[in-house]
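The following pair of complexes shares a single chain, subunit A, combined with subunit B in the former and subunit C in the latter.
Let's look at the complex of A and B:
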């Protein structure tokens, strides 16, 4: 990628009758100028990724003095491990719950704030707080609220005559509960993105729609707002998906993947393989698989954004 | 050969005294809230006797897991403390990776070990591949906690508490029958490192693997007995599915008749119960005479420094920390039991007379054995696999088929053992 860019800059810069020496010098200057950026990119981005990739083909263990290449054995072990499939399934389920809910909620609240009168800044700030807060600290507050015996949520349920639940220790509820916290954490961010999108919709489109007979709020939304939000929505969906894939802190603090792997997710599997079981090679294999998912999402995003989704 | 070792150690002993002057020994230990006090007090005593060696502490590890991680990472960057205190079942990892330093040279050349209360069972706990790499510092053992008020109400005899599982389950059933919000029994099955899975198997005289560690051995009669007992606690004694803090809270609130867990909980539980009811500890049931054993929990001291002069000083520190005086401080400031014989028999005599609940563990001291760590690179993963299988019984999902669970568990663990 970098090479192509360099070649092009050389072509543009070089005058038509440049001698070979001049071309060479230009080439060098370009290379020297881009060197710091390239160096840092290799050091901080490409280097670690390649290291992880190589590590996933070894039997390396944390603190071990010897390393040997074992080919695809880590991947074979991983695919034969029930825990990995549970973990992958849970992660996909989590994404499937959190993405639509946080996008819909973000959009809904953005529309309400935008159409409302006063207190706009106040609402914006309030809904954005979960995004700013440290998730670990918030997870601890959630832990108290969800406590089976004296948690606020169960107390409220009891007060209105409903049965309390063991939110984090019931295998059927653990993952949905974590997903709810995930939504709470994410929708404020989506809301801000949607607000930005809403502001950039030209007013005259609404006027035109009104002239054409679109009177109801719904038809204004369906005919103008929603299509104009296309690019923003696409961006929000992809970003939410990537962030949901990365769920880790709440799992680590609240459930540790339990009960009985009911809330085990990819990043937590990676953590426990690498830092609890010390099977670093295997943890690297999980990291590679995780990377593939996130990379796929990023490529989709890049493609679609380049196309500039536009319906107007 | 023998003569040479003698001469060498004599020379070392002579050389040691002046050479150690000004040596600094860095120590790191886990669970600050439990162990800050004993380490601080022992260090104060040590400073009086050995002004030549300076002991400094690093911030305590949050947990055994974190402690192991940290040392493994520091081994790569060469920033390890000189002495580390680690979970008893973690010795194997450090030996396998060549990080722990053997202590045999010191133990053999030190003539005063026996009179200072050290004994063979203490060495056995930290032994790996025939060499001693660690000394036990604070020991915990699985015991039973009884709510004597509930035992009496259910018609049990507080002076003849159960020693067999059969009796324990019968008593738990009677206690359970006292009311819908009363638990007959709780069993802290999820203590780290499969501790309370190893306990009933070892108590029957069984083991986790065969002697040369190539095949699973807990599918034998001992393991089957253990897993069926766990299932009976769920099916017959109606054990609720709680995590450890909730079990402890329920017991302390007077809602549970029998609670099986570690002696290390004793101080905390006693404080929480606060004389609301009569609390009594008793022996872990189902220990077969002669061959029955119980796994020791708690933590051990390991010397990490490879520098000969520092090792010399580190050994002086270890000897004091694990010796009679250090051990007595451990017993008085924590719920843990020191394994040192002299400490228990001399320094702590009055203490145990006043605190009979603390003495239960000391009674079980002769049947102490190693908290087993599985071999090979998947050792800790195996622990997790076993935990999940046990969980399937405790949640009730597979409580009706313990024999099938043990078969599946055996197959899963066998797959993860080193292929020799």
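Let's look at the complex of A and C:
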């Protein structure tokens, strides 16, 4: 008797079992609802990536009527090519200059703006303008400013008695100059992210730091600000790295990879292989290598941000 | 001599006056509570003492030295915050070690790997380790030293915050509602622990709370704040039994004191809701006054004559005591009476009840709420003299 009563109460407590039909309908509805997004993702993102990957194993040339699979030949050619290694080296150098500088500058200016009183919005807007500007147009402006004879920068240098430089045609200066433009373009974005991060640091941690005897701004920064900005900094570094890896516009407008490949970078190599020499298969191989770098950064970001730098 | 004093402190935020000239003297080793309803300025006063907020006027004096212009980091005070304010990226050990590292190590010695480079660093680090372990041991945190604050319960975090404060010997401890984020049971437990800690350390504690029970149970003295002023400073006993202001009487004590309208007779005796009390006031007859009678100062009368007659409107049985709400003729609000369970056995909602004040002295206030001094009637007459 008691058993029966128990069984009944269990039946009432358990949620009603879904029938096979109901489950099918449920899944079907879910699928149908996600179809538009899935379709667009395959068409616009996954499809092209897979196509490029396949293309990198072929000898396809833009406009050619026949295509043949050649396995890893494109990669072998690339790794044997001195230009590719120069290009990869230059890209890494560019990233190595732009990332630390734009992150440090972004953080420094965010700290100054946050600690200052008035004109906050003004400064924020001013430093953010380069981010909003069209980079191609800005690159053209830079071209005139950097012109060896009548460029503003050399005129200024001469005015204060310093030697002018051939910024874009000197092999030693071309890449650093491009990097400087890259920093100018990127730090405003980092600044905005840091500002958001700074605002979210609880005030009471600074109160605690003061009571704990942190006298200087320097010690407060290392005790509270820097560690609390950890997640933001990680994000900013990765995003800056990805964006620096993508450097192309300024190279295309200002140096075309020159002089003598001094500013050749990965995306520019891909562009010239694919659209100047029409070796699409080889260009696809460069694109795949580029993708590997960006994906690696993305994975690092996902792992680190989710696991290491989150406290609470 | 006072170890810590605030003199005529005023604080204005955007033309709103939060503190209106606060004076307070705190003796060495004293446990003093600043208590008051939210918005009375008690936390602001504590932050001004700590140096986290700058007063608009007045002075903070610590050990005979005016510290008004001295930064928080140089006042040598320790504070426990309501939110605990633990560094989330540091382990419990490191959290407790921060105040020692900041004071004993210079900027170079605090750098990573300094122990290998800067002479003397290792010795200081060893001392810091010993001190942190001692504080952790005192608070039962030894097992938790390697954890991060995020992995701790509210009570454990609270302990870490206390540990960070007691690891060095500051001139005074400032506690800003440290128990308000804990559940009721833990709060009662921590109350006892903090009081014990105070006895053991013998240091000055300034404790801000809105909870009158915390203030009553832990303090040597209580400063009751209302609307930016300290209304009364005294021992818990004085505050409870001789409130100088009707707001103090109403704020301190749970359940709340009964405030009944009264009048002074021609012979100076106080008459409340038709009943003459055993006290005289030196005020003109006919003056309206307010009479505060604590719920435990009422008892059921054996004879209906000379007592307030009413009906029970609500009964709260807490097991160890019973609160009886009675509607008394001629008064809108229910009169609250605290009884022993035995006394209340026969009382149910709707049953008639007769109440008389116990001989304990009620508090009398004038129309503005200031305390009036009373004296007992010369020869004792129990009822209507």
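The criterion applied here is as follows: the second predicted complex is superposed on the first by the 292 of 312 C-alpha atoms of A that agree within 3 Å, B and C clash if a C-alpha of one lies under 4 Å from a C-alpha of the other, contacts with A are read in each partner's own complex, and residues count from 1 in each chain.
Just so it is clear, a contact is a pair of C-beta atoms (placed from the backbone, for glycine too) under 8 Å apart; a residue touches a chain by one contact, two chains touch by 3 or more.
Treat the numbers as computed from the prediction; the structure is a model and nothing was measured.
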item	value
Subunit B versus subunit C as contact partner of A:171, first or second or both or neither	first
Partner chain in contact with A:204 - subunit B first, subunit C second, else both or neither	second
Touching partner for A:215 - first (subunit B), second (subunit C), both, neither	second
Contacting residues of subunit A [partner subunit B, same complex]	59, 61-65, 83, 148-149, 169, 171, 258-261, 272-273, 275-279
For the subunit A and subunit C complex, residues of the former touching the latter	202, 204-205, 207-216, 218-219, 222-224, 227-228, 230, 311-312
Interfacial residue positions of subunit C with respect to subunit A in the complex	47, 50-52, 71-74, 77-79, 81, 83, 85-90, 98-99, 102-103, 107, 110, 148-150, 164
Subunit B residues touching subunit A - in the complex, by the definition given at the top	65, 68-69, 71-73, 75-76, 93, 97-99, 241, 243, 246, 249, 377-381, 384, 388, 391-392, 395
